[in-house]
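Structures follow.
Heads up, the next two complexes both have chain A, just with different partners, chain B and then chain C.
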Partner chain A sequence: MPGSMMLPDLSAVTPEGGVRAAALARWQEQGWPGHRAEAWRYTRLDRLDDLDLAPVTGLAGTASGPADDAARGIGAHVLRFVNGVFDPAGLSDLPEGMTIVDLGSDEAALSRLADLAPAGHPVSDLSLAVMSGGILIDITGAVDAPLMVIFEGDDSKASAHPAMLVRLAEGASLQLAEWHQSSVGLAAPLIGYDIGAGARLEQVKVQAEGAEVAHLAATGVALSDGASVAGFSLSTGAALARLETHVTMQGEGADCQLSAIYMGRGTQHQDITTYMDHAVANCTSNQIIRGVLDDSARGVYQGRVHVAPDAQKTDGQQMSRALLLSRKAEADAKPELEIYADDVVCAHGATVGELDATQMFYLTSRGIPETIARAMLIEAFLIDTIETIENATLAGLLRPVAEAWLAGSEGA
Partner chain B sequence: MAATTETIAQVEQATGKYKYGFVTDIESDKAPKGLNEDIVRFISAKKEEPEWMLEWRLKAFRRWLTMTAPDWAKLDIPPIDYQDSYYYSAPKQAEKLKSLDEVDPELLATYEKLGIPLNEQKMLANVAVDAVFDSVSVATTFREELSKAGVIFCPISEAIRDYPELVQRYMGSVIPVGDNYFAALNSAVFTDGSFVYIPKGVRCPMELSTYFRINEQNTGQFERTLIIAEDESYVSYLEGCTAPQRDENQLHAAVVELVAMTDAEIKYSTVQNWYPGDENGKGGIYNFVTKRGVCRGDRSKISWTQVETGSAITWKYPSCVLRGKDSVGEFYSVALTNNMQQADTGTKMIHIGEGSRSTIISKGISAGKSQNCYRGLVHMHPTAENARNFTQCDSLLVGDKCGAHTVPYIVSRNPSAKIEHEATTSRISEDQLFYCLQRGIGEEDAVSLIVNGFCKEVMKELPMEFAVEAQKLIGISLEGSVG
Partner chain C sequence: MTALLEIRDLHASVGDKPILKGINLTINTGEVHAIMGPNGSGKSTMSYVLAGRDGYKVTGGDILMKGESLLEMEPDERARAGMFLAFQYPVELPGVGGMSFLRAAVNARRVEAGEEEIDQLGFVKIVREKAKLLGISDDMLKRAVNVGFSGGEKKRYEILQMALLEPSMAVLDETDSGLDVDALRIVSEGVNLLRDPGRAMLVITHYQRLLNHIVPDQVHILAGGKIRKSGGKELALEVEESGYAGIDDAA
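Take a look at the complex of A and B:
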């Protein structure tokens, strides 16, 4: 491991043993991925060099962003992590069917989170070990009100390590929005979704961190028999962002929709990495990824679909498209199929290019000014992806964020 | 099913069991075992090479010592002891057999299945050929015709002696000595290979093949091929053959460099059928090949076509560096693995020139317990204005114990460049199979038919004489994998 890389100051961290001590040991052994790590070939962490960070241990300061308004707009129950520390204010008036307890004191839950966490991702071990705030959310039935988890904080010297395990019991359902809007140094959320048989999770994530933030998220999802997940991430913020999600189909008949939009400008680096593990038969997965890159931004999509030897009748689909708006922008893609069963239908597609010249011509020839025509086409490119989200409430959260980004693009 | 079982037994007799295995007793005129600077000097001296060539080899060798073998491929490569092999043994003239009756009948049966003409069978089996069809005289005729056109086609060692300025200018210009571990090893110890030079404006009058380069027909362990096509020239080069090839050396690390100047076109076709090892994965050739062509001139074109059915392990990525304006790169590949074979193969298309275009069509077929991986890179440099790439990778699984993997890398740094990639993985359609069976076509024939249909887009790129045999080869390589 290169010695110059940012190392959070862990001197104050003393996990008592068990799962967290093991994670700390693994982190100290592995550290940040080195230059030769294949999984990090497009996303180097060198630019984090000059960060000098320490995890925050107490609740301090607060910040506001658009998340609260958005939460009010959909009548969501709000939970809050500030600088990575959980704010207990969110524990009152929980909706029916939802209980929340401290994650750190539940060794079995910690162990489950460690299992779900993306193996080989540094944040999986680091944030489990450091865990500035950890909660365990249990959903036992159909929760009507959406849950919004806001990650904020303004301590630019802090590395935030919030950890959250959400367990959906058999037949339960939940609508959940993660909203990341901090201006910490390093945001390293570790999140697990453990979906019971027949349960359904509808989830969106808004990554709208401050311009200087390094956002490295590790998310693990497991689906039992007949469970379903509809997940969608919109990544527009941070200087460097990597949203890595590992999904494991553990029960037959499970279905996972996992889509994302990333948008970058300036020198932003946006990375969407997914690992879809079809461990058992008869499951379906579908991923739609769209990227828009302006200025000198760089966008990365890495998606692997793994089909285990006995996972027959798998349907795994993946489609990624990137739009380059500037001569200096760069798009990288590595969609992977790794298939060990024969009775499968798996496919991926990837395209990279600029706005379609004929479409531009169509609009401008009808008197639409070029800048507006451009904006219309970019919007169309993105919005139809957002429209694949069945849950209108959650989809409604994303549209203004995407539109605000596009408006910023027109103004530039 | 009885008929199928019978066929399997026949095929195993004909192709599956490799009677000869690897030859261990090598006659004299060989370097001692192991690899060090002295061995490199020995090889260079044996080849009567000039000083600059020796220096070049030594540079490569020193570089190789500092390198490590690549480990990123989806391959399980047993550790290789590089000190436990011979790096030079003079090509020996095997004793000619008097007639085909003396040839191993199993080998003949395979030739028969492939539909190889009788005289070619004799040549492949090292049988003395009669005066009417004397292979040497055929080769001589070809040579005359080539030299009339001004084409140079000779062993690389001869080129080093006779055309040193050409070799010095181009060798290592496409694949530098330190390009990768296996290329560095090859640069240090290569012993044979072909050199082709097509002068300006010449369309090579025939398809070139090592097969006709009669004085050096044993393809070697560390082959090195260099093809230069000057402005407005054209050449089609054929490598390998469909007949099963045996070799005493397990490790093969070839290097092929192509240079295409303005308006030149090089078409390079390969059929690779090295010994794949037995059904338990014992033995078999390791085929670690570095192939790269550079389209230096505007409107130049390099086209790779490969049918890979042999070898225990294949590590091979024929690539194109598209430097010229409007230059074209193509890669058509069929990779078939059966039993315990492993293949990690694909291409790299590096777009530098404005308007450069590339097409990648890859068909992977996995059967038995094999692992077959497509790995490819499409890289658009900022200068690749209006460049285009289209990639299609299809994988077919035959049986439920094998694996098919697709790992494309896409890097785009030019907004006007357009990249399209698509990949699918599926198994043989039961409807198609049923359709054939219902019409009385046996299961193995039906599978062969369907797989050949799956590969059609690639097969049609092969030169005619290769294509017919290659189709049969696909069928033979798949036998024993169904039923």
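Take a look at the complex of A and C:
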């Protein structure tokens, strides 16, 4: 049964059989999550109701936003999706150890992406079905230069469905930044990271979409034996954002650091949802989540850690803290542990608080104006999270985004 | 001599509880006054009221600094106008780097005075010099504000802030508590360096010992929310010997 939400006009989309046709059939069966869907209890998609959107098939539109400067600053190779459509200009001069081919013509890769994608997430099916020019990135070695994938486009009537599967071969390593800065109607990126044995992915995601955008991201990650992932998302943009990531520990000795900061003001809605599946033994995962909410903004963190019966010696941690700057702001946290093994170390925690009045007084009693004092305390609240990012190059991308948000709160 | 601080019939409450019940006190430029008094008599409350802390409500009277009422001013405005409070219990600020904190405070004042903001390098040099006089290590300067500082280190750090901000009216709330004998001397020297004809200080303490180092022009006894007795530095000796028993604390 389709929900009552906006249904993108799919008339131009006709995947021919196979994985994508199956995804389209599932989407047409399920549609958007209805009001009873537990996983969407805190994040309603009602505001998509009035949107009249259609997927884009041709490459058009102009680029704008700070991502290009940021990419230049770290010497990154740039790939670009415009209104959800891949721009092949990025295929020239690829760094050594990286190959990129069309995703749509590789059934095996499509099938793998369908497996990795968050099950039951509408974007997992929808974007797989309607993607245009999705890409398959293979990494076969240690790639030195960071890769920056920029998601942009200014077609406010577009529902953008960029799709990307990144495969790291055994022992490979990659530093990757996703930078989302579009002003499309709906941004629905579907991204898979398939990490081979002993390989390492260092990834940051900047969600700095335009103020009207609905950003619904479905990301799937799988780690093989001894693989490691250090992922970090900073979500400051969009009217409504849900960053949903499902991670599967499929090989022993894997380690996944998955942290996020969300910041919201006005009537923004920020949702970080994760599912950490410890399917095998001897893996570690750690999630640190920080939220800052002003005005009537709302924040959600849903984090589920699943430990399978055989996944002994699992270490799974998650800790979320939200800071409310206004009485009308609201934060919900739903950390969940589902543990079916007995020899594990797992912990979770969630707090919601306000700026400390005594700390504010101490700062202002030194002559520091209130707006600056607030910004200093907010930054302090976030800083230990950013400091968990080992990769200084990638961490450096995030600071200006967080600072820009803080500067925007002055005098607001 | 002109009055730097004039407290006129000051009444203040915390929550609904009246704590200050009619304080009158005038401190002229260049003077150092000391306030002593039993625990809970309202000394820290008075210091917070002077600094403008939220929740400390003035219910009557006035506070003038350089002839201007402070009552309508926010804590940061008072500070930039020259008020400084060395806290009895300095506040820890995890995640706030010491240097950026000190620089933000100094720059706030400079901006107010229409001066250029001070640059990072020049500032570090100035801080190091002043810190050295107070026995504050470089390591402490690098840490987050007051985090992991010992009680005595926190007090020195308060005086370092005072030295950097060069206030016209400094209120020191029990800066001597928690200091060992040597630290007491070092901190007192730091305070004495700032004694200046253009500046006034109000030193809150329980012990006459501090007043051997920082010799006050006047000593006041605060009890039950009122100043019960005032005198010269010998009043502190009197208190040391016979306690507050003789002080009439009936309203």
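Basically, the second predicted complex is superposed on the first by the 406 of 412 C-alpha atoms of A that agree within 3 Å, B and C clash if a C-alpha of one lies under 4 Å from a C-alpha of the other, contacts with A are read in each partner's own complex, and residues count from 1 in each chain.
One rule holds for everything that comes next: a contact is a pair of C-beta atoms (placed from the backbone, for glycine too) under 8 Å apart; a residue touches a chain by one contact, two chains touch by 3 or more.
Since we're looking at a predicted model, the values are computed, not measured.
K.L.:
Please name the chain, chain B or chain C, that touches the greater number of residues in chain A.
P.N.:
Of chain B and chain C, more residues of chain A lie in contact with B.
K.L.:
Using the touch definition from the top, say if A:A333 reaches chain B (first), chain C (second), both or neither.
P.N.:
The first partner, chain B, only.
K.L.:
In the superposed arrangement, does A:K157 touch chain B (first), chain C (second), both or neither?
P.N.:
After superposing on A, A:K157 lies clear of both chain B and chain C.
K.L.:
In the overlay, answer first, second, both or neither for which of chain B and chain C A:E38 touches.
P.N.:
first
K.L.:
Quick check for you: in the superposed arrangement, does A:L324 touch first (chain B), second (chain C), both or neither?
P.N.:
first
K.L.:
Pick one for A:R26: touches chain B only (first), chain C only (second), both, or neither.
P.N.:
So A:R26 meets neither chain B nor chain C here.
K.L.:
Applying the touch criterion given at the start, work out whether A:G349 contacts chain B, chain C, both or neither, answering first, second, both or neither.
P.N.:
Only chain B is touched by A:G349; chain C is not.
K.L.:
Answer with first, second, both or neither: which of chain B and chain C does A:K313 touch in the superposed model?
P.N.:
neither
K.L.:
Within their complex, state which residues of chain A touch chain C.
P.N.:
357-359, 361-370, 372-373, 376-377, 379-381, 383-384
K.L.:
Show which residues of chain C lie in contact with chain A when the two form their complex.
P.N.:
51-55, 74-76, 78-80, 84-85, 87, 90-91, 93-96, 100-101, 104-105, 108-109, 112, 144, 161, 165
K.L.:
For the complex, give me every residue of chain A touching chain B.
P.N.:
Within the complex, chain A touches chain B at residues 38, 309, 312, 322, 324-354.
K.L.:
Which residues of chain B touch chain A in the complex?
P.N.:
Residues 72, 74, 380, 382, 395, 397-427 of chain B touch chain A in their complex.
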